[in-house]
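Think of it as A, B, C, D and E in the order they're written, each chain with its own count starting at 1.
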Amino acid sequence: MKYDYVIIGNSAGGIGCAEAIREVDRESSLAIISAEKYRTYSRALIPYYLDGRIDEEKMYYRPEDFYEKIDAEAHLGVKVERVNVDSKEVELESGEKLGFNKLLIATGGKPFIPPMEGLKNQKNAFTFLSFDDVLRVKEACENSDKVVVLGGGIIGLMVAEVLSRKGLEVKVVELLERVLAPVVDETVSRIVQRKFEENGVEMILGDTISKVSGEEEIQSVTLRSGRKIETDMLVIAVGVIPNVDVVKGTSIKINRGIVVNRKMETSAKDIYACGDCAEVYDSILGSYRVLPLWPIAYSGGRVAGFNMCGVERELIFATAMNAMHFFDYYIITGGLNLRDGERDFEVISEIEGENYRKVVLKDGEILGFIVGGEVRRAGILMKLMREKLNVSSFKESLVKSSFGFLDIPKEFRWELLGDKVKIGVVREV
Amino acid sequence: MRYSIGGFRDLFLEGVRSVKELKHRVVLEGEVAEVDAKGLSHKELNDLTRYAVIQGAKKVIMKNVFGQRYIGTRLYFPNPKKKIEIEIHGFPGNDLGAFLDGHKVIVYGNAQDGVGNTMDDGEIIVHGRAGDVVAMSMRGGRILIRDDVGYRTAIHMKEYKEKVPVLVIGGTAQDFFGEYMAGGRVILLGLNLGNKPHRARYIGTGMHGGIMYIRGKVEQWQLGKEVGMVDMDEGDWKLLEKHITDFSNEFGFNADEILGGKFLKLKPVTKRPYGKIYAY
Amino acid sequence: MMRRVVAKPEVCVGCHLCEIWCVVAHSTSKDVIKAFLYERDGNHPRITVEENLPETLAINCRHCDEPECMASCISGAIYKDEEGRVLHNPEKCVKCYSCVMSCPYGAIVISENGDIFKCDLCKDLEYPYCVRFCPNDALELVEDSEKGVLG
Amino acid sequence: MLEGEIHSHLLPDFIIERREDRCIRCRVCERQCGFNVHWYDEETDSMKEDEMKCVGCQRCVVMCPTKALIVKPYPGDYRANANWTKERILDLKKQAETGGVLLTGTGNDKPFRIYWDHIVLNASQVTNPSIDPLREPMELRTFLGRKPDKLEIEFNGDLDDVEIKTELSPNVMIETPIVFSAMSYGAISYQAFKALAMAANEYGTLFNTGEGGLPRELRKYGKNAIVQCASGRFGVDPEYLNCAAVIEIKIGQGAKPGIGGHLPGEKVTEPISITRMIPEGTDALSPAPQHDIYSIEDLSMLIYALKEATDYEKPVCVKIAAVHNAAAIASGMVRAGADIIALDGLRGGTGAAPKIIRDNVGIPIEMALASVDQRLREEGIRNKASILVAGGFRCSADIVKAIALGADAVYIGTAALVAMGCTLCQKCHTGICNWGICTQDPNLAKRLNPEIAKKRLVNLLRAWSLEIKEMLGGMGINAIESLRGNREHLRGVGLEDWELEVLGIKGAGE
Amino acid sequence: MRRRVVLPDKDHHACGLFGVMDRSGKRFSGEMVVKAMKNMRVRGNGLGAGFAAYGIYPEYKDYYALHVMYQDWDEEAKREVDRFLDLNFDVVHTEEIPVNLEARVSDPPLFWRYFVAPSKKGDEKKLSDDDYVVKKVMEINTGIKNAYVISSGKDMGVFKGVGFPEEIAEYFMLESEYKGYIWVAHSRFPTNTPGWWGGAHPFCILDWTVVHNGEISSYGTNKRYLEMYGYYCTLLTDTEVMAYAVDLLMRKQGLPIEIVSKIFASPMWDHIDIMDEKKKKFYTTLRMVYAPLLINGPWTIIVARHGEMFGITDRIRLRPITSGEKGDILFISSEESAIRAVSPELDSVFTPMGGEPVIGRLKKEEKKIEEKVSEVIEGA
């Protein structure tokens, strides 16, 4: 079997790619291969599903007839064993081989599980990444009272919030001294921490699990500090690492993730990669890195898709960006998150109650921002950052909650808005 | 009563002769044209001047000028802009250089009323005296008058950004000097007064912009309500030095001697002299 | 066919009537009094008039060729229909605000209840109300015959 | 009480009724009121108003999406007194509180007799046919400028090949005898000014820059511009004069004969300052007289100065306020070389004038026009100049009557403003205009979209021109020149002998 | 149709003025003044010009020379005037004023001149000759239709009409027929009254002549004041009041022009307020008493009588004046160029302040008058 396009991966990156291909090329054959048996769903939605805010149907990212509509052959529940670069084939678990003209690898990430003593496949130890994971957690939590969540990152906290709201006694264990440390600053970390604590979640910081006890089921965990916590469940949500299994041992270059250029091409001809499995160029930091983020996966897939069918595109903008919320406290971040104590940057911030805005500038350009609480129109900051505009002349206004285009000097403003506004209708220049 | 009506008589244009009939009065040599203005009406003289410039003259010398008006006015050449020099021998009439568009006019004789009326740019130099409303609504350029001027000199003179008109008067002026002045620099030297004070009254009445420099004696009661005396600063002296030096070179005075005199600097006390008399 | 509402800030009078009529357009009754006095159901204007007097500027969804909001939408709630409109399906929305994060115009609105609203070009009406009722022609519905970047 | 302040005894001019069952608290009224009348009270979730500030401009009423507002005159009054009317008492109190000259905007609102309303037009019946203006040609084209008494024509044997030997004075052609009168950029907003320029351009008529200059980017409308050279000489440079169709020397204005003008410094914003060529924030003072014109021969001096400055290529117009000796003055103006004379009557508009002047000085335009036309004819110089009349023209019939009395064309000012949005609230002098017309506040000025305003103006010109054609057709006339000075088509109703005599028309039935 | 003629009650006009005087008393022809006026052609509009000349009738210098204008060549009016003069005067000589019919003027009326001596009767014997003549002139001007006495002094005459100055001069042949030691001329630009021959300047009463440029805004006030003293303005022009005011103040009340100028063009109150007490009192009193003769508005006049010519403007000098001297000759003009056109080289040229007169007097009388002036001022 040979296809013009083969996509390994059925999530944001893969779908982005498939949709882009079909915008340009409706004729060629296209196959999407996914190790999971589900039709395309949103991994990012699993906390919402766990919460019960959405049902299974809404987990699906695209309508039921999606593959039909885009005329793609979906190979679901099919695991790819390896990519054969030279023969331009993908080898399936079943041994079947699918040929391709162009290939996208969008295999995503897999959970990172830190080493801890006594951890094996206990029934009540969970990761939290896939549909299967959430189904298991959901089932387990029905009969549990206590849970320990390892990891004070976004996923860890989202799980913790949901479980806490479900009435479980939740303890979050985070290795660092504050939660969300990679994505937000101390101020927001503390606000979030307080939110959890107010809602009865115990936040154990600067500590980690060194040992789990229990055979079939985990009975308790022991922290590095020596504290022992009895628990009914352990959710490990420390992070994801790129899933690069299918290209291991091939000529395709891998660093932490699959190395791609800005056209999302790997080191092998006609083979592209995107999403959590790839390392993309962070246009703000100016270096390649893994950015396991939904929008970047989708855009990366899209860029790959265009390139695959001959329309040259580059992923111009990629950097860290997160929209998150904990107990209705919303946070949107973008770009560089200063490490504590870093000083080579200009920081402007304003806090009013729990409403917080902060921008990090260097040479007049925005390198990063954090907005917490009132997050309306935060995308404008993202845009300014993306355009690398020199904002020195209006930097003070960036941290006003009312910040908008009218705070931006005219010479930039109309450029940012492009032909989406008509100027000069009164006075010709 | 039956009126005897003289019909319509065009005071300016009646009997005006065409350029064709008169062009023999223009002698063009290279870029210099000479016109004998004797007996010419103002239209005829200005027609001939324009004709000479279109023929290529860059300098026009007028002889026997007696009262012809608007000399220099009809020289608006936008594309390309031309700069003409006009030398007048005699006594030009009113509105000398009105709406002047950047040309240079030199008068060897006295000028009358309305010198540089609403002049836009250029230079007018009078080797003699001038009449009333000199530099009215002047907007740019420079006027140098060697002797006295009449009433309402520099009335409503204006300025805008880098366009700051300058008027230098060697003698004295009469009443309403700088009335309504809205901008520009006026320098009154009083060179022919000896020790006598200036006689002008209502100096700077309604003034709301610009600066006047007066050399010689002026009493407070001679000033309008809207002006105040202020101290000279370095910038003032620099300005005076520049224009007085030019003035002295033009008319043969000693600049240092003039600059050694006592100068009074007058400025409006407000940009809004009449803001408070109305009820809204 | 690309359609979108274009603002003319120089004649925007800052009356915010576009916002009012946007709510009316998305009300059940389509009646201004009823919409505001009897139907207050969390409806929210999808157009935002920025104010920094004397300047005012109505910002509305641009229905981008390649909408960033759609790219970042984790639930598939934001989609582009056949006519090029970028639409939002509240049924699917989980209020993650990724769209708010990525819309470069700040044109995705969050209501008082935290719901997401965005311009749908009054798809159920003859003409967008904001344009129709702008008292000063400061909004204009433009239709580019030119398709997106990709033809 | 603050120091120096006086507790006011004034009454509100207007009362505001808010129909609560319709108010949706959208706060449009609040945002649209430049006088800060409306405000939202969060505590009671309701809109409130300060009626003392209301000027009755009706902006809020028009903008209210639910029509929840009614603004009407304040009914409270003092004890009836035919001598001490409410207006007199309130004016007096205001002066007692401020000690200042009362200013007002727009034209005279006093009940002077409007002669147009006492003049009726003729129509053809039996003895000659009326003409159907919808299908047959109807000509309104008008030329403004000096005409020679006769033409010398050279025939070259062939009648198709004739040459005119007479030197003609410059004339300007307009497609309808309606011209926009002088409203300066400064008095009115840029938006309004531009709308007038565009409308004049589109319809083939003229607008008048007033004395505030012509912004550089609008000089492309110069061929439709009457540029003013007024006492302040603002923005007058050689290019300004040369780009124009007509140059107008402004001597006086109907609303304030004999009075200069002050554009207060706060209105001299950057763009105004560029156009007027004076520094920002400086009072733009227009002296009462032109200081180079203290007598009639000085007028001729300036007329010819302007002709000189423009190489005798433009007609020069001289505008005066209609005053007692208008006829004689007009004669002098024509003899001084004016190609067009403009008369502005008692009811002429203004951006700002002392109320006492506006309401008491000058004479009605009807009388001035009739006597000027008559006088110029008696002196045999009527063809030497065109007559433009201004001062309160409200409808096309007024225009037809003016032309029949002897005008060549009319200036409309207030009518044009009303077309654009003006509601005659008479607050022009405050610099606040909720309709964006008479203001330099950028926030208010942008309320007037020049494109919309232009359409409204063009529609007005079109509508009035059509009506003029209808009336002409009814009189059996198909060219406007046959109406000019054709007083046979006018009759007076309810006028006294002396009035008929000055107007030079017969009474109805005569 | 009914017609009613409403006569405008004053003239607005503006003009060119010129006066020249030989202070030694030497007489010269009208050529110079005509040339000067021609130079200022653009100050008029062809609707009026006129001249006054002093010393032109030496053979009849003891008789009042009446120049009478008959509008519309009204024979009846002339018969009436002839009868009136025979009755009230001894008429020693009478003739039509000679004119050049070739001159370009329109509709000239008939002009006659009469050289007369008063023949007073009854109560009128109490009147001085001058007062008698004034009274009779007023009687003709107000009583006889179409007849106007345009000149009534001794050894002088006024010549005026509708046309540009050179045309009027040509009509009356001033360059060839007359020689005088003072010439005053006027070129007119009327607005209010259409040009009519009687409305031209100069205005004359006895040997006082006035030419005027400008408009007298206080005309109504001045006119009604003068009417109380028997002066009636009949010539539809505001200049007339100047002539009568000068006659009243200078001839009848004996005030010198140095004082009269302070009545016509009085100092501003804010300047009077800072004068020393004596002066303040004088000027305050002067303004108080002669308030109705403050001449307001823009004006320049040149006034002449035998032995004296002066020019003066309004107090804020809204109209121009320039004066020049060359030897014994004094020039006063609206424009310097007119003076220069007839005398390019001058000993001096200057412009007086508003309200300050330029005075020329016959040298032989200069001293006498100056003494009188100082007497009056001291006495004030």
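Keep this in mind: a residue touches a chain if its C-beta (ideal position, glycine included) is under 8 Å from a C-beta of that chain, and two chains touch if they have at least 3 such contacts.
Predicted model only: the values in this text are computed from it and were never measured.
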Smallest count of steps, each to a touching chain, taking chain B to chain C: 2
Chains partitioned by contact, chain D not counted: A, C | B, E
Chain whose mean Cα position lies farthest from chain C: E
Of all other chains, the one whose Cα centre sits farthest from chain A: E
Geometric centre distance via CA averages, chain E-chain D, whole Å: 44
Whole-Å separation of chain centres (CA-atom averages), chain A against chain C: 27
Approximate Å spacing (C-alpha centroids) for the pair chain A, chain D: 67
Chain B, residues touching no fewer than two other chains: 5, 7, 9, 11-12, 42, 69, 94, 113
Multi-chain contact sites of chain A, meaning residues that touch two or more partners: 425-427
Of all residues in chain E, the ones touching two or more other chains: 42-45, 47, 189, 193-194
Chains that touch, pairwise: A-C, A-D, B-D, B-E, C-D, D-E
Interface residues, chain B side, partner chain E - complex: 1-7, 9, 11-12, 14, 41-42, 66-67, 69, 90-94, 109-110, 112-113, 129, 131-132, 148, 150-151, 174-176, 199, 201, 221
Residues of chain E touching chain B in the complex: 7, 39-47, 71-72, 105-109, 162-164, 189, 193-197, 270-271, 274, 316-317, 320, 322, 335-338, 340-341, 349, 351, 353-354
Complex interface listing, chain B residues touching chain D: 5, 7-12, 42-43, 46, 50, 69-70, 73-74, 76, 78, 94-95, 98-99, 101, 113-114, 117-118, 120, 133, 136-137, 139, 152, 155-156, 158-161, 163, 179-180, 182-183, 206, 208-209, 271-280
Contact set on chain A toward chain C in their complex: 16, 23-24, 42, 44-45, 48, 53-54, 58, 60-62, 294-295, 298-299, 302, 311, 321-325, 328, 330, 332, 334, 375-380, 382-383, 386, 404-407, 416-417, 419-427
Chain E to chain D touching residues, read off their complex: 1-4, 8, 12-16, 42-45, 47, 189-194, 213-215, 298, 318-319
